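Shared between the two complexes below is chain A, which pairs with chain B and chain C, respectively.
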Partner chain A sequence: MNTFLFYLFSAAALLSAYFVVTVHNLFRAAMGLIGVLLSIAGLYLLVDAQFLSAVQIMVYVGGIVVLIVYVVLLVADVAQKQVHHAATWRKAVAGFLAAALFTLLAVAAHSHDFGVAQVPARSASVTEIGTALLSPERNGYVLPFEVISLVLVAAIVGAITIARGAGSDKKEAK
Partner chain B sequence: MRDFLYHTDRFVLDLTQRLTDAIGIPWVVELIKMAAAAVLLVGLASVLGMVLIWIERKVAAHMQQRLGPMRVGPHGLLQTVADTLKLLAKEDITPKNADIIIYYLAPLITFAASFVCLSFLPYAPGMQAVRFNVGLLFVLGISSLGVLGILAAGWSSNNKWSMLGAMRGGAQIISYELSAALALLTAVIFTGSLDFHDIVESQREGWWIWRAPVVGLLGFVIYTIASTAECNRTPFDIVEGESELAAGFHTEYSAMKFAMFFLAEFVNIFIVSGVSATIFLGGWMPFHIGGMDGLNHVFDLIPPWVWFFGKVMALVFVVMWFRWTFPRLRVDQLMHFEWKFLMPVSFATVAVAAVLATGGWYFFSATPAAPVPQVAPKHENAKPTASGAHGERTWGTFRVQAVSFPNV
Partner chain C sequence: MNGPSLNQFLILSALLFAVGVYGLLTRRNLIAMLMSVEIILNSAALNFVAFHHFRWGGDAAGAVFPIFIIAVAAAEAAVVLAIVIVLFRHKQQLDVEQADSLKH
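Moving on, here comes the complex of A and B:
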């Protein structure tokens, strides 16, 4: 059953990924991206990573894809009536890089002995995730957590500054 | 029979046992259980659609001193059935310049997103199609998929009103999602779990709306407001805003595709009310006050699923009541309200809730509900550590009650 679901999700992920990179319409590509991300969330569920799966859906599908859709709708020429073909040398370089990455990954995956997991998979509880995030102990992630918070705050401040624009303070003063 | 009414978990176990005895192959039993749960949920969704639309029309009518639908069936009960038949028979119009794939996909995304959430809710003990230990997070995540359906519908219709409605809707839902999630967090802090089953069980002594002093009630109110906005219900229905945008994002949809949006809206109302009832009002847990056993036994006489559906229907009624009480907000008012009022208040609520939970300053906090901080277990050899906080715990695989996925 799990094996069947694994192949189902993998096939869905690969197909929608192919759809994303080949389709010309940006909005359709975004919809394909939902398929990719949901299939990967399904794969996470198969290995009992429920929290990761939920976060994947929440952050990537509910956040990132929505943002992409907004950007596409506001900025780009969505339908892309005239298709721009890349120059031949670009295609060649891209093809070479893709092949190189593929061989690298294939060799890495093949040479490493993954073995069978000794401990049965289980989903971490909220308590464990919470303590792991905020614990200053050896297994804690408090420093990355704080750094990410700082980066986010900086991003928010930056976004507000850009959105207000120069001189909007003066207008408000009037 | 008693089990069927009161101890639905025993009923499910008994049924499973009988099935296993009769068939003997575990994965066939699992498959039957999955199919049964799926059929039940589909049935629930369609019945909900029918009943809630009828209730909405009746509530609307009575608030305006009218009778509402009266002709088809007793008190118009069969009106929705007739309407559904009519919708099925209607011509399915597709705009000429619509993006066909996305135009067809949009109602599906919207409906699927709300339908999936139905499977996470605990309707009665043991009556929960999927039990994850982060169920609440899943419901929040999946319901945010609905925005994509609305955006897709608005864009693919190739109609400026649809587009405007969709853009507004997206902005609104994304904004109010934050307050809704933060409001739910107040109760989660007290229970220390995101598992719907654990959250219900933690309210055996009393519902969080009153057990968590003030913050419970505040969280409940904030969630009610924010979730109404998430469902695009009046006073937050600028997505559809009839007077400005024709019918908003679903202007170009007709027949059953329109019905899908409609059904999704009503299922969504049910889901947010169900989540609210589960988190703040105890879900299927009868009204209990810790220690007062006599009183508790009296309330136990009412079956749990009656409690659940009673609470949910009461909340659904409140949401429908809003519609005939408040005028629609303007777009800028909507954003001001969320970002300058609701968000700060929900942050403050969460902060106060955290202090109360860690201090144990809430009713019946004999066993600290907030888990005592402990060192995270080593990642390589993960050992179950939380032994005390929630009593016995099952570790590992999909923690599923009514239906479980077989693990090969």
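Moving on, here comes the complex of A and C:
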């Protein structure tokens, strides 16, 4: 049953990912991205990572994709009219590079013994994740946790500053 | 329990990574390239979770880093989309090959 669900979610993720990178309508691509993210959230559930699955759906699907859809709709006419078809040689080179990369990764994953049999497969509970995130001990991540909040504040302030434009204050004054 | 194995997750994540790289190389629209980057970031996070589950017996580090990846992806999306809006205001299009000057 788990194997069947794994193949189902994998097929869904790969098909939606291919849809995202090939379809020309950006709004449809954003819908495909939702498919990819939901399939990966399903895969997280398969390996007992419920908290990550919830975070994936709330932050990615509920936050980032909504942001992308807003911007696609703001620049909607460009998504429909000016479609640039990539040149055939460009597609061929990109396909070759992607295939080479996949082969490299697959060979590396297959040829190496990761020692899976040494420990029983289980996932961290929400309690363990929360303790690790806020613990100042050796295995704690409280410093990265605080730094990431600074990164988010800096990114959002920067995004607002960029998007407002340099002259918007003067226009409002007039 | 005969569920999926670590190698199956690694192959899936490598496939998603390759699809994302293909999209990044072929698309010329900035928003489409951002979506390809999101696919790549997700494949990396999937690798973290697979290793944490199958190899490290639920060590919390493997669950913490995907959260950081998602947070960084959110910050990146906010900045890129602000740049998209400014670029569209200046050039009326989003082709990255036309966006070759820092100032208007």
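General remarks:
Heads up, the rule we're going with is that the second predicted complex is superposed on the first by the 135 of 174 C-alpha atoms of A that agree within 3 Å, B and C clash if a C-alpha of one lies under 4 Å from a C-alpha of the other, contacts with A are read in each partner's own complex, and residues count from 1 in each chain.
As a convention for this text, a contact is a pair of C-beta atoms (placed from the backbone, for glycine too) under 8 Å apart; a residue touches a chain by one contact, two chains touch by 3 or more.
It should be emphasised that the depicted structure is a prediction, and the values quoted were computed from it without experimental measurement.
Contacts of A:L150 after superposition on the shared chain: neither chain B nor chain C is touched. In the superposition on chain A, A:V142 makes contact with neither chain B nor chain C.
When the two structures are aligned on the shared chain, A:T3 is found in touch with chain B and with chain C. Look at A:L37: by the touch rule set out above, it reaches chain C but stays clear of chain B. By the touch criterion stated above, A:L73 is placed in contact with chain B alone, chain C being left untouched. After overlaying the two complexes on the shared chain, residue contacts for A:G62 are found with chain B alone; chain C is out of touch. Of the two partner chains placed by superposition, chain B and chain C are both touched by A:R122. By the touch criterion stated above, A:V20 is placed in contact with chain C alone, chain B being left untouched.
Once the two structures are superposed, chain B and chain C can be ranked by residues of chain A touched, with C on top. In the superposed pair of complexes, A:Q50 makes contact with chain B only, with no contact to chain C.
Residues 2-3, 48, 51, 55, 63, 70, 78, 119-125, 128, 131-132, 139 of chain A lie at the contact with chain B in one complex and at the contact with chain C in the other. Of all residues in chain C, only 1-12, 14-23, 25-29, 31-32, 34-36, 38-39, 42, 45-46, 49-64, 66-68, 70-79, 81-86, 88-89, 92-95 touch chain A in the complex they form. Every residue of chain A that touches chain C in the complex is listed here, in rising order: 2-3, 6, 10, 13-14, 17-18, 20-22, 26, 29-30, 33, 36-37, 40, 43-44, 46-49, 51-52, 55-56, 59-60, 63-64, 67-68, 70-72, 74-75, 78-79, 82, 84, 86, 90-91, 93-95, 97-99, 101-102, 105-106, 109-110, 114-116, 119-125, 128-129, 131-133, 139, 141, 144, 148, 151-152, 154-156, 158-160, 162-163, 165. Against chain B, in their complex, chain A makes its touches with residues 1-3, 25, 27-28, 31, 34, 45, 48, 50-51, 53-55, 57-58, 61-63, 65-66, 69-70, 73, 78, 118-128, 131-132, 135, 137, 139-140. Those residues of chain B that touch chain A in the shared complex are 27, 30, 99, 101-102, 105, 109, 132-134, 137-138, 140-142, 144-145, 147-148, 151-152, 155-156, 163, 167, 170, 174, 177, 188, 192-194, 371, 373-379, 381-382, 384-386, 389, 393, 395-399, 405-408.
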